[in-house]
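Note that the chains take the letters A, B, C and D in the order they are written out, and that residue 1 is the start of every chain.
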Amino acid sequence: MNIEHLSQTLLTHSPALIVAVPLLGAFLTPLISRINDKLRNVFVILTAGLTGFLVLLLSYDVLINGNIHTYIFGSQDIGSPVVRILFEVDGMNAFMIIIGAILVFVAVVYSWAFMKENTGLDKYYTLILLMAAGMFGMMLTGDMFNFFVFLEITSISSCALIAFWTNKGKAVEAGFKYIVISTIGALFILLAIAILYGQYNALNMAVLADSIQYTFLDKIAFVLLIAGLAMKAGIVPMHMWLPDAYGRAPSSVTIVLIGTTQASLYALFRVCFTIYGNSLTAPLKQIGSVTITLNGLLGTFIVMLAIITIIVGVFMALKQTNFKRIIAFAAIAEIGYIFLAVGAGLWALGSDHGMMALKGGVFHIINDALDVGLLFLVAGAIYYATKETSLNRMGGLARNMKYTTIFFLIGLLAVSGMPPMNGFASKLLIYESIYLINPILAIVAILCSILLLAVFVKVFYSAFLGPKIPRFNDVKEVPKSMLIAMGLIACVIIFFGLFPDLIVNNIVEPAANALANNSNYISQIVGGS
Amino acid sequence: MITWESFLETFETGSGFWNPLIWITAIIVAFLIIYILRGYGKKEYKENTEQTKVFLSGNPEYEKEQMHIKGSNVYWGFTESLKWVYKTLDKMHTGNVSDYILWFVIIMGILFILVGVI
Amino acid sequence: MSGMSRIVKTISSVAFPFVLIYGLYIIAHGHLTPGGGFQGGAVAASGCAMILVAYGSIWTMNKIKEKHLSVFESLGAIGFIGLAFFGLIFGAVFFNNYLVGNNYFFGEVARGAANINTAGVIPLMNFAVGLKVIAGLFGIVLVMAYATSKKEEETK
Amino acid sequence: MIYNIPFIAVAALIMIGLYAVIFKRNLIKMVIGITLIESGVNLFLITLGYREGSTAPIYTNSPGGVMSLPVPQALTLTSIVIGVAVLALMLSLIIHIYRHYGTLDVRKIGREDEE
């Protein structure tokens, strides 16, 4: 078997393998950890690396060559894909799994040193791989019910991981909150799926998108789906679980949690743009000479929620003193920016600046994951070195932890959208497109971005600068595996920042096109459009 | 396919453009100018003398840990002047799971009205 | 929990094999009649839970360690996913039912409608899921009972 | 009318569940509310698959005639399995919470100050 044939085979089967490899690895981990701890760590990193390789293979083919992959489980004949469980990968899916692969790989590398002193690590690694498998499943699946199953797999494993430090009361409480929130959200999503199934006798996303009529029951399903997924994505005022969960989980878990949150975000876009894509521009009501369409209505609502999200996230972040809670509220604000762009894109669907807004929003998804992830890793590194979480008890750490400080600076500049980091390019797109819709919104967005910078300057000042505190005299730089993990993300951030045109043209644009135009996604399954 | 030239292209945003490579060149030039200007600085500055000691309007110097401004004291004025905002925000963030679900139901209700179910 | 009276212990010892056999029957016939890995596994695990209630969690913990149960659980999951991977190797598609129509495993157990060899890999997958569910559910109940009993000991 | 009763029951179950989650302060009661919502959704799925005068979708020794849809039943089963896992996880977390705080009141847990 030559190399070309092998890579072709791998490419054909990669959608299934991306989910199956972490799943198999997850259940092999407890057995391997009975042999040796180091072997288990190497095995888990290899599993994550193999998954990452498959992801790159698949997304290169989808994004650069423009193919849409479908993978039908259990059967070779493509004749009746409608009744089968299948994975469908277009530009948006391929874009999302890149984020997932980066985050999972970094989290696994980071865990080597970070979680070393904990017990029960075989369960930890099992759960983190399960979470990765669920996340990839959410991002790849083309079947509504399958999506629900993966959503629940992800939320169960991530809840167990949030409460991993069970000796801390608040961590357990945060885990309980998370499981309550995600279960109720998922149950309403299941109700919506059931309504759609009862109407159209199909669970396949493409078939649903093809046959949707936007009847009364479809409206109910639409609202349930949007509300449930928005809660999982952390939109104000349904964001309160997010600082608890992000702030109390171990940092290596938090970074994968970002990925799962964004998988819900992706599903929200999929529901909005693909499944209900055909009924978005249909006129709903006629008041005088003004025609109200669904995309205008929904776009306005989402933009309003997004502005509230940004403001609340930034203001709450300014007040917090817990390091990880600050970053969690900043993450909420960043999600607000994504929603702002997507709301603007929805509002101006089909026009040029609507497309630009969508591009900005999609680009900001990956930037948000990387920037906030890096900051969480830095917070974890500081916790590892000093065992402190509160900013009030930190100070002068830059003297002891040089590399961590540099990584924090990179994350700070990126998250607040300063040039030349990646956050600037995507925020520039968002500001410009929002300005064309309403200048006041753009001004608010820019002001909040400045406030975000102020928040992190405060963190930087009170944690890293200041006089040398005697208590931290013997604090050392964190171990190599954590530095490698942080360095990896920092390199990606700088790369994205230096070549924004390359990224936007090759990665972001196919994804934004896939969102704006759902006919390719549908015709791949239903045939002809 | 990705070519080498595509690494250098300017990022067009519709009504504006952004090229980080040009920006970095500009920043490097600016830093060079700053470095040159720094060379013209005062020659009589010497380390480890009276000049570098902490001077607090004649008050005695506190201990190191007391000197550092704590995280919750930074931006004190900002939070103080926007107390009314923070009061409402604090009222929102109760920390009860039930309230989180209540917000979820409220948003669902608003969406129901908006989409036109009710 | 420190175990119940002798009558309860004896009765549950007598009933336990029947419950277990019934659960295994449901697992084995999952592709023919209502049931399958999870349902049968839940029945069998409830039999185990009955023993746990009758004899007390500390006694049971001495007999079966939670660690061994978790090994069985991962074995079940590996069996399930491994069968799916074999589908990739033998049948060119993930989750392919490559055994259907063959006589490798069961042969002709009983001719007619209840012939067990009609579903290829599905019974094997049911066995794997059943193993996982028995081990997993029993493990959950055991650990919970043990944790709460330890709490009771502390307060006493 | 008689065929609408299951749907009314679904709505009632979900409403009661939401009421329990939102207004009850005991964690165990909240968990009960979540299971009520779950059974409501499961009932909805099962009701969708029912056809009047149908038999169970088993081909072995089937009497023939109309069968109810098997797919919603499979979905319900999956949802029940997931529900069991979620329930176990929530209850074990409640055990931990009770150990830490000695109470199950939702207003009293997680309120300790930390510097």
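Note that a contact is a pair of C-beta atoms (placed from the backbone, for glycine too) under 8 Å apart; a residue touches a chain by one contact, two chains touch by 3 or more.
Quick caveat, the model's predicted, so the values are computed rather than measured.
Looking at A-C and A-D, the interface holding more C-beta pairs in contact is that of A-D. Chain A and chain C have Cα centroids lying 36 Å from one another. Averaged C-alpha coordinates give centres for chain A and chain D that are 28 Å from one another.
In whole angstrom, the spacing between the mean C-alpha positions of chain C and chain D is 23.
Note on chain placement: the centre of chain B and the centre of chain C lie 55 Å apart, centres being C-alpha means.
Within chain D, contacts with two or more other chains are made by residues 21, 30, 110.
Counting only residues that touch two or more partner chains, chain A has 176, 180, 184, 390, 392. Chain-to-chain contact here is organised irregularly, matching neither a line nor a ring nor a star, and falling short of all pairs touching. Listed in rising order, the residues of chain D touching chain A in the complex are 14, 21, 27, 30, 34, 37-38, 41, 44-45, 48, 71-72, 75, 78-79, 82, 85-86, 89-90, 93-94, 96-97, 100-101, 109-110, 112, 114-115. Within the complex, the chain A residues that touch chain C are 13, 16-17, 20, 23-24, 26-31, 34, 71-76, 126.
Interface of chain B with chain D (complex): residues 95-98, 101-102, 105. Across the complex, chain A meets chain D through its residues 145, 148-149, 152, 156, 159-160, 163, 166, 169-170, 172-176, 179-180, 183-184, 187, 190-191, 194, 197-198, 203, 322, 389-390, 392-393. Chain contact summary for the complex, chain A toward chain B: residues 64, 176-177, 180-181, 184-185, 188, 216, 219-220, 222-224, 226-227, 230-231, 237-238, 240-241, 244, 284-285, 294, 297-298, 301, 312, 315-316, 318-319, 321, 352-353, 356, 390-392, 394-396, 419-420, 424-425, 428-429, 432-433, 454, 458-459, 461-463, 466-471, 497-502, 504-506.
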